[in-house]
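Both of the next two complexes hold subunit A, though its partner changes from subunit B to subunit C.
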Partner chain A sequence: MSINKETLIMILTRMWIIRNFELKVMEVHSAGEFSGAAHPYIGEEAVAVGACAALRDTDYIAGNHRSHGHPLAKGGSVKKAMAELYGRVDGYCKGKGGSMHLADFSIGILGESGIVASSVPVATGAALSAKVQGKDFVSMVFFGDGASNQGACHESMNMASVWNLPVIFLCENNQFAVTTSYEETVAVDHISDRASAYNMPGVLVDGQDAIAMYEATVAAVERARSGQGPTLIEGLTYRYEEHSLGLGRVRRGEYRTTDQIDQWRKRDPINIHEEYLINNNIASREECDSIASDSEKLVDEAVDFARNSPFPEPDELFEDMWANPIPRP
Partner chain B sequence: MTQALFGEAINQATIEEMKRDERVFIMGEDIRRAVYGSTANLLAEFGEKRVLDTPLSENGFFGAAIGASLVGSRPIVETLTSFMWVAMDQLISQAAKMRYMFGGQATLPVVYRALMMYGGGAAAHHSDRSYPMFMNMPGIKIVVPSNPADMKGLLKTAVRDDDPVIVFEDGTLAGMRGEIPDGEYITPFGEANIIREGTDCTIVAIAGAVNHAISAAENLHKEGISVEVLDPRTLVPLDKETILNSVEKTGRLVVVDPAHKVCSAASEIASIVAQEGFWSLQAPIQKVASEQVHIPFTPSLEKLVYPDVTKISNAVKNTLED
Partner chain C sequence: MSKSSIGIIANPAAGKDIRRLVSHGRVISNQEKANILRRVFAGIISTKTEKLVLMPDASGLTLPGVNDIKKKIKTVFLDIPPVSHQSGTTNAAKMMKDLNVGCIVTLGGDGTNRVVAKGCGSVPILPISTGTNNVFPKMTEGTLAGIAAGKLATGQVSVNDSCKKSKKINIFINDEFVDIALVDVAITNQMFLGARAIWDPTVIDSIFLTRAEPLSIGLASIGAKLKNVAIDDPQGLFVNFRGKPSISVKAPLAPGKVHKINISSWGDMVPGKYYSINSNQGTIGLDGEREIELLPKNEIKIFLDLDGPYVVDVESVHKFIVEKRE
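Presenting the complex of A and B:
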């Protein structure tokens, strides 16, 4: 499969944006600049970035509680995302959504969801609409290994298959639902094995390899767009950080070893991609480094933007309840 | 004017709206063969793409309707109230909350038509009148028609509305025949219907309870008691002005609600009048709602649960005691 230079560079750029976004979020969150939970995507960048690189702007995605990587991978605004985490009026949702509810409908980001697997039926429905309306967009939903045990996932995969819908089920298997290993909770060896129960292709992909993610998703998108129906892709990956920043102070039992974390860090998705670019003479070390430092600047500017954006005024409390407003009770 | 059954009114509204707007499609369990009657002829008229029989996966297809509504479709979902419990995540976490939590970006023109199959031995698992629970959750408009004409006009409004709507269809009205206006009409949300004017007491009745309230009012009229009967028609939005104005005139209020009495629609209406219409009241507000028990199968017990003409008449008389 051919992948052009522009796409390869874009993949690196967006992975660096997500990495630096998350590192900055950890810093400012621990400094108390905003409250609430935030779930770092560090270590998993190749999954969303590789997958989203296979989509058009007119295609749709929906996501989950580990929520910053997906919109940034689809080209969302770093500033609006950061301002939303800060609860400011210039945030994606005017501060009403926060970390777990980033959305940008103008570029097909139908929103992240704090309830595990809850956006899977929604994305399936977007694909249903494509079919009913006879349009050629596809939709893709990101969900984790934990979500793969929710009925919403199974119901959606079955529906998508019987209706032959243009949807890609993208399981980000980071191997732990908070502290519980997927090996203890999933009855098959791989989540992608479940695809056979729904008569759709199930593809297990190295989730640390952005190009592998891209290629698997391109094939799934082609299938979807040409009316051949859904695909389940499992990107096997790992989260470097704890489940959530909000839970970081809670003392918990051990559930994974330092050795395991170190082993996964050695397969860092950004390193893997940079090595590929350099070894294949697509970009130099210096070019890669400058992409990294540019993304750092972008994130710093986003933090400035967020800090300087005002909180919503009190009268904003009652806005956005209704498309066709009704009197307040 | 022509006569139509409640289900025929639903059918007419659906066909008219699907003809009017190609973005409208309908999905649900067994709707192609119209097991509940109101989706008759849709498959022949509109084809398989716009008339979808779903798997028994309520959480899945309730959510799929939401997703479809976000990207240009206007789905109608047919279901029973009692099946909504297994789809609560999609109804609450997504349909109700999505627009607000995304700062107004999401527009969800989706209609859930939920049949309340109570009063006929359906027992505890199929007899839910659950609209008060959804009143408690901001973000969903709630429609409770009490006759065929309103059913048709309100369903057409629901399909055209850009927010999530649940239309609670009262199964006790299935055999009700009523006059339907000729030609195109819609019934707006948030406008109560003054069904009968009176001066001594106001009855606000919901859905199937409206007919019982009318009967009670007719009986009481023979005893010289003049009762005003209001049908709010929608609970979200609720036309509290018409209710408060009526209570200002009559000084007395009975609220009749087929839902369980605790935190019911009746509770909310009573609390509004207690807070905003207190100085009009000449007697304590009476709430006539379902007993706080599950729906028993046996007819001898089930009939004791719901508001009926006798309970309503007694409540009106209570407000008139010195």
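Presenting the complex of A and C:
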């Protein structure tokens, strides 16, 4: 397998977009510009970006509550994503969804969800639709180590294997379900070990290395697209920040050490990728810095865009729903 | 520490890489690895070995077995944090060497044993395969392996009667030693370390082998189709793939993957000679995994060293015990 320069640069660009998007979200959220929960993806960028680089626009993804990185990795609009967080009409869901509901069907983003593991059957259903329609798209779902214990996750993996569906189950094992260590709550050492119980391949991948994620996902996509069925990929990663913004009143004990966080920061996914690009003469230090600063500007523009977008009108509240619960007079 | 002690190093991450996806690499769960260790421990206890020295690992693979036997044998964990990376394993092997263990039983693949070999010095390794493409470790029943380890550690068999001296390939970057391989070095044109495993023959420019035996799988299987080179033969092999093919062979590069491979040239790799790597873009694979990036600024040389680790031959130990009785 080879990776062209365009893809390698795109991977760095999208990781920087996510990093700067999340840093800005933390800044404006703490300044009170919008409210509600938001879950920073900082530290985990290589998982979504490496994986999504292996997908086509016509392939589907579904995600979870840590919900900004996945759509941005798939090529989603930074402006629409930011406007959605601000609750404005120019946002992805017209400002009525918020942080955990970024969807863009035109490029295969089925949406995120705050209900843990609920996107796993959604992506499995998308894969079923590919099979029923005889199409060659695949679907991929991002879920965490906590979600891997949910019944919906296990039922979906079993069904996907029984029906040989083109779905990639991508567990982002950031090692903590809020504050609970996966080592204390997952009965196997690696979540990828569970694949054998569902008769599908399971692979453990360095989630800090975007190229490793890309390479594994390319193989899984090829397998899915050629009718060989599902794969479980576990990207071992780490979130640098707390579980969520907006949960400051929730009392937590010490659940991880500063030393552990520092150790993982030393394996920063952006640093690893930049070092690779520079060492192999694919990009210079100046080009990498330029990508970083361009993404910062892009995010700043997105914030301006969001701030200038109006809030939805109250009477739009029940529009765009599958069923309107309050019949109009 | 008494000579009748045995080191235990088990790698929980062995056998979980991309080859489960791109080939039909076997899956050995960590539960099974823990069960293998239980069997190893049972075998060791039957030999009157006095002590086990264990490397703590992040998955606690040794703990179920230790609970079985803690009233029957002294067990000591190395005073280090749970090991989760290569350098930690090498350090654990060094500590076991310094404690004069009689041998080190390893659970893992070629890669695991490579990092153990970097630290164990002249302490024999008894390698049990739980990896993917394994040449160095063998598929050995744990109980029999444990008995063999115990017989060696308690002096009932000698190193000469039970072990073979293996080889290694030393890798130098800009004349500075950086790493070793126990079985194979692959020069690939793959530009990234990525998922690390090597399974695609189209990316390989050349290989250097310490051994090539009929039952080898992986890169060593290519050499095995050309010439038999045993673990203790005083030479290795090199094989080049670029250029006009002079011969082709069919070889199992990964479990369930047999490839037709065109070879442009091959020959003996002799000890004491430095082989320069002419490529300056790509990666170097050590024992089946991409480990080193070939960068334009670096000059790479490799060297066959006959002074590799001692490897316990389990079958020889059990034969020796019977013959001694007769």
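One rule holds for everything that comes next: the second predicted complex is superposed on the first by the 317 of 329 C-alpha atoms of A that agree within 3 Å, B and C clash if a C-alpha of one lies under 4 Å from a C-alpha of the other, contacts with A are read in each partner's own complex, and residues count from 1 in each chain.
Please note the rule applied: a contact is a pair of C-beta atoms (placed from the backbone, for glycine too) under 8 Å apart; a residue touches a chain by one contact, two chains touch by 3 or more.
Because the structure is a prediction, the values reported are computed rather than measured.
When both complexes are superposed on subunit A, subunit B and subunit C fit side by side without a clash. When the shared chain is aligned, no partner comes close enough to touch A:D268: not subunit B, not subunit C. Within the superposed three-chain model, A:C93 lies in touch with subunit B and out of touch with subunit C [touch as defined at top].
In the superposed pair of complexes, A:V203 makes contact with subunit C only, with no contact to subunit B. In the superposition on chain A, A:E155 makes contact with subunit B only, not with subunit C.
With both structures placed on the common chain, the touch criterion links A:E44 to neither subunit B nor subunit C. Taking the C-alpha centre of subunit A as the apex, the lines running to the C-alpha centres of subunit B and subunit C meet at 120 degrees, rounded to a multiple of 10. By the touch criterion stated above, A:V122 is placed in contact with subunit B alone, subunit C being left untouched. By the document's definition of touching, of the two partners only subunit B reaches A:Y60; subunit C does not. When the two complexes are overlaid, the chain among subunit B and subunit C that reaches more residues of subunit A is B. For the pair subunit B and subunit C, the model built by superposing on chain A gives 24 Å as the shortest CA-CA distance. Counting contacts as defined above, no subunit A residue meets subunit B in one complex and subunit C in the other. Across the interface of their complex, subunit A is touched by residues 12-13, 16-18, 20-22, 27, 29-31, 58-59, 190-196, 200, 203, 281, 293, 295-296 of subunit C.
The residues of subunit A lying in touch with subunit C in their complex are 1-3, 188-190, 192-193, 195-196, 201-205, 209, 211-212, 214-216, 219-220, 223, 231, 276, 279-281. Remark: subunit A residues 60, 62, 91-97, 101, 103-105, 110-111, 113-115, 118-133, 135, 137, 139, 151-152, 155-156, 158-159, 162-163, 319-324, 326-327, 329 touch subunit B in the complex. Taken together, the subunit B residues at the contact with subunit A in this complex read 23, 25, 49-50, 52, 54-55, 57, 59-73, 75, 89-90, 93-94, 98-109, 138-139, 141, 161-163, 189-190, 236-238, 240, 272.
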